[in-house]
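Below is one structure; the comments refer to it alone.
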Amino acid sequence: MRKLLKGVHQFQTHYFSTHREMFEQLSQGQHPRMLFITCSDSRVDPNLITQTEPGELFIIRNVGNIIPPYGALKSGEGAAIEYAIEALGVKHIIVCGHSHCGAIKGLLQLGNLTEQMPLVYDWLKYAEATRRIIKEHYKDYEGEALLNAAIEENVLTQLENLRTYPAVHSKLYSRELDLHAWVYKIETGGVFVYSAERCSIQSKHDLDESDEREEPAPTHYSVNSNGKTYV
Amino acid sequence: MRKLLKGVHQFQTHYFSTHREMFEQLSQGQHPRMLFITCSDSRVDPNLITQTEPGELFIIRNVGNIIPPYGALKSGEGAAIEYAIEALGVKHIIVCGHSHCGAIKGLLQLGNLTEQMPLVYDWLKYAEATRRIIKEHYKDYEGEALLNAAIEENVLTQLENLRTYPAVHSKLYSRELDLHAWVYKIETGGVFVYSAERCSIQSKHDLDESDEREEPAPTHYSVNSNGKTYV
Amino acid sequence: MRKLLKGVHQFQTHYFSTHREMFEQLSQGQHPRMLFITCSDSRVDPNLITQTEPGELFIIRNVGNIIPPYGALKSGEGAAIEYAIEALGVKHIIVCGHSHCGAIKGLLQLGNLTEQMPLVYDWLKYAEATRRIIKEHYKDYEGEALLNAAIEENVLTQLENLRTYPAVHSKLYSRELDLHAWVYKIETGGVFVYSAERCSIQSKHDLDESDEREEPAPTHYSVNSNGKTYV
Amino acid sequence: MRKLLKGVHQFQTHYFSTHREMFEQLSQGQHPRMLFITCSDSRVDPNLITQTEPGELFIIRNVGNIIPPYGALKSGEGAAIEYAIEALGVKHIIVCGHSHCGAIKGLLQLGNLTEQMPLVYDWLKYAEATRRIIKEHYKDYEGEALLNAAIEENVLTQLENLRTYPAVHSKLYSRELDLHAWVYKIETGGVFVYSAERCSIQSKHDLDESDEREEPAPTHYSVNSNGKTYV
Amino acid sequence: MRKLLKGVHQFQTHYFSTHREMFEQLSQGQHPRMLFITCSDSRVDPNLITQTEPGELFIIRNVGNIIPPYGALKSGEGAAIEYAIEALGVKHIIVCGHSHCGAIKGLLQLGNLTEQMPLVYDWLKYAEATRRIIKEHYKDYEGEALLNAAIEENVLTQLENLRTYPAVHSKLYSRELDLHAWVYKIETGGVFVYSAERCSIQSKHDLDESDEREEPAPTHYSVNSNGKTYV
Amino acid sequence: MRKLLKGVHQFQTHYFSTHREMFEQLSQGQHPRMLFITCSDSRVDPNLITQTEPGELFIIRNVGNIIPPYGALKSGEGAAIEYAIEALGVKHIIVCGHSHCGAIKGLLQLGNLTEQMPLVYDWLKYAEATRRIIKEHYKDYEGEALLNAAIEENVLTQLENLRTYPAVHSKLYSRELDLHAWVYKIETGGVFVYSAERCSIQSKHDLDESDEREEPAPTHYSVNSNGKTYV
């Protein structure tokens, strides 16, 4: 704790004193354009990764960047989504997973959690659709490849859940809102970006196979450490 | 979105490339000592305020830094608390409110939300104890003073809710965990710190041993912008 | 009741005795290819409309052909979806609304229900996304046009909810399942068919405007009483 | 699907065109006298079995013709019961089970479902009273006899659950509503009818008036394929 | 509190010391034959009214002697019913209301509670069937007569709810359990007793055997202050 | 039952007739000062133990004297707490456990309950914090000592849960309410009293005023069978 309080002091002496005006303005109100949903994992810092400043990202953080579908009463996630859209008018929602995610590791060996971490076990039910896809369609994957596939599928699962919220549903209808699925790689600093705002379930894996189809593929960017953005 | 992707690029070119080793090490695992619970508000950046780096804070962010008591099934908050204690072994939990909190403003005029933001309304039920205290014991407050009182009371309400979690309860018993209530002032960069960690469960067993101790009074620090910490 | 018992007798004397073999075979097991979800309304008879025989349609009927999203614990709808896919291997799910739907009428004047029909009121929460779209994007509609728009939007809302079920999600991934949105017009016998299995939210209204876009329009058939099927 | 669309066409060409007037009248409103609750099973067609026409039966269909007791929030079954009584004024509710019911088979080997069909497993909790009776009082039954006993007990269990709904409770009080338990035999076309409508709530008020009545014993009909109705 | 502690002392000095043997025996285990469900009201003392000693009545006390139907997850009432039947083997369940019941008063003017006592309001939903009967069938009652009617109807409503518990359902089937509805009059010491134990589940199996029995009419005793028991 | 009805008669003839005036007065209204929460166990009689008369104790009785935290919707316990504080203005809440408690025995061998008593199993989740403390911090206890430790810890766990109720929280703030943890020993008539009422919420506001007070240490009385009260 001592270190943390020292950090607060340091923040005040340096960062705050050189950004005093910005903070005074922010104290009048917030106008973020983005709702950024990511994991509680200590290694993920959304403002750092996106080089954004206070006031730019409205943020939900929970175990596994999971969004329970609308109808699970009184979830904090639902309240944040509604507030972001109705009160703040955000135009983008980003669900950002990350490599080496402990929650998704847990999802792949769910049985172990029942006794040790029953609340985590319960929570991961909202990623059950991810688990099912992995179990049924990634039978030949294992180890890190399996984990990565699950992490990627999970951000797409959570986009599906997002769509069930009335506020999201209505803004998608009028194209005032875009949904984005990201995966952040801790070890490379890379961010894989899936643009899924037009279409529903289309995993990366799936798209690779669909080259010949006339079906328009959801675009799939990757922003890596040498800064290229490519499909 | 273009700006955000640019930010990611910038992060990779600058911050990541100068911290590559740290990130590689982090990709092996996380070992945060703190669970930091704060608001989704875009103006609050926990890592910035505490000058911490990736890997140091396990973070929950939701509307109003609210913790539903144990027993509200399948909440993401419960899962994160359990994971932080059982899987990561954190030693401190900080509930950090902030000035100008929109959620607490909503709490003070709850009726308005039913039609406009029903999910926020439902969620704020978990801050009902805050609302009740304000309504019954702060009758002569108004405006910003009222809002500030509610923000302060709310972090203490949420500490009470935290205590109902089995994992928290058990670690408090053996004094392996401390709970902290903070309020961050956006306009001054100040952080008010309430230490309430001593005052929770006192079993008979425990009391027997405590004869010689002087009972430690709940301390009350304030870390403000000129860096002083005082009671 | 007397009439009903007479009907049973009549069924036995006529229909059953001429189809005895079919029923004996059916008593060995069912192999429907379709899950048909429609309203409890007495005027809708799914087997009549589709001229199907016993054994062909697995059927859910409730007020407003509504599917609560996955995560609303223990709903009969979730059980039926899971059973249809996992135990019976159905290949198609049809959500079929109908004209003059009392549930949707109720949805458009929701406040009136709280005292008179609180359980219907609660249930209609799962059509809240429909209500929101109508409220925000159909402001210039009224009367029957408004009701029809809501009925149409609702079948699309329910498709979104369907997608959140793990079993649905996984079968959509491997393209082993198709989802269909229908509206049946009682007064004309017409059935409007929306094929939405590839893409998510695209209302009919929306599609009309999208002529110039290169975005591929979800196909929109209409099967009317002179038997034409057209886009 | 092609077959289904063809069926729709056929319906329009034949049935609809010869019943146009009926459908036009129905489009003005529905006035069913019965709420018919049966299984989603594809082999059960309530309108066929009872030889009723569109407009006569308000229908709930779910897995196992199960009615969660009042108080399980937001169930579609509760909404349909309330709507049928309050908005439509039905006078009879029939719970109709059927032979070879897969849901009841599942109930008798419940453990197998937890992993394979967790939502069905959860749903069957509302038939737990059936399972308990079978387990405790039908120890010497097995095979088909056991299944049949469970199917029969289950319709009676569900009648009990029905009685907990305020609307049902109140209409039973004033004898404006009758409850019926049926079992339909797929292989014989027979329908077993249990009339249990007299035996529910007996208030003091009610009893005072009943001095002169001879208490009507619950009657027990069976309508079988040679059309006899006997006790 | 001082008074209460004094009472404890007095209990120890007098009652306990003259009943030491009984308490020592009780500490070996409890064998009550009755589950007694009554109101939290301070004026009702079940052991006093029935002149029973420690060990004779297993007791549930809550606001309004209400039993949520089976399926309302994790209620204390359900746990107590199950424990009483399965672990203790009780043979009788008595639901005992009382005159001047504040909970039932609240039920008759429900709207007033939403703001003042929202938890009481929520809880009274499980007496909604009582409220509905009163509203629809006691229109010409008012004042104390209305309250008394509601109190009486409510014990019968709660019997209905009791029947939905699997353990109750199964023991009623085999006639190993009787249900009783009582109302205790504070001002006269009278107890009105309704015997409703015959009228519950009637399976086909059961009916077959009952041909010879004359159906026993629900009896209706009243035990009043001059000690007469009459029908 | 005959014995019980005889008891009622006896109550009327003796106790009631000698306390007629008291009962008439009570019929005007109740004014208890205490909410007494104890187990359903037949061996515990709160009025006997405390030598209180009708009108003195408002009483909750359930399996294991458990209080679900605020937020578990519609619990009878929450309703009783709210009613006791808001409608009756009680000044003390006593949670009273007892020796040889079957519920706590069940808690220590939880797995056995899942099949035999699933509702008891579910209910004991609200004592999970007790189970966790016992499991982690009483590893060297066994048999009766273990059971006693669990019984004692459990009353303290339940006090924590109590604190989450808005009405409790607010009255604790203004020191208008005290919470007490008791354990009653059936075999000795002894009552162990833990006073934990001082140690709850401490707002900043509150702390400012408390500079001069010496912080009152949680006191720990024991009232045993020779009537001594000591710290």
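As written, the chains take the letters A, B, C, D, E and F, and residue 1 is the first residue of each chain.
The criterion applied here is as follows: a contact is a pair of C-beta atoms (placed from the backbone, for glycine too) under 8 Å apart; a residue touches a chain by one contact, two chains touch by 3 or more.
These figures come from a predicted structure and were not determined experimentally.
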**OP:** Examine where the copies chain E and chain F touch and state whether the two sides share over half of their residue numbers (same) or under half (different).
**Re:** same
Subject >> Most distant chain from chain D, judged by the mean position of its C-alpha atoms >> reply: B
Original post:
Any idea how many Å lie between the Cα centroids of chain B and chain C?
Top reply: 45
Subject >> chain D and chain E: spacing of chain centres that average the CA atoms, whole Å >> reply: 31
Subject >> Contacts with 2+ other chains: residues of chain E >> reply: 68, 72, 125-126, 165
Original post:
In their complex, what parts of chain D are in touch with chain C?
Top reply: 1, 4-5, 7-13, 15-17, 20, 23-24, 26-27, 29-30, 32, 34, 40-45, 47-52, 54-63, 66, 68, 72-84, 86-87, 92, 94, 99-100, 102-103, 116-120, 122-126, 165, 178, 180, 186-187, 189-191, 193, 221, 223-227, 229
Original post:
Tell me, which parts of chain B touch chain F in their complex?
Top reply: 68-72, 125-126, 128-129, 131-133, 136-137, 149, 152-153, 156-157, 160-161, 163-167, 169-170, 173-174, 192, 194, 196, 199-205, 207, 210, 215, 217-218, 220
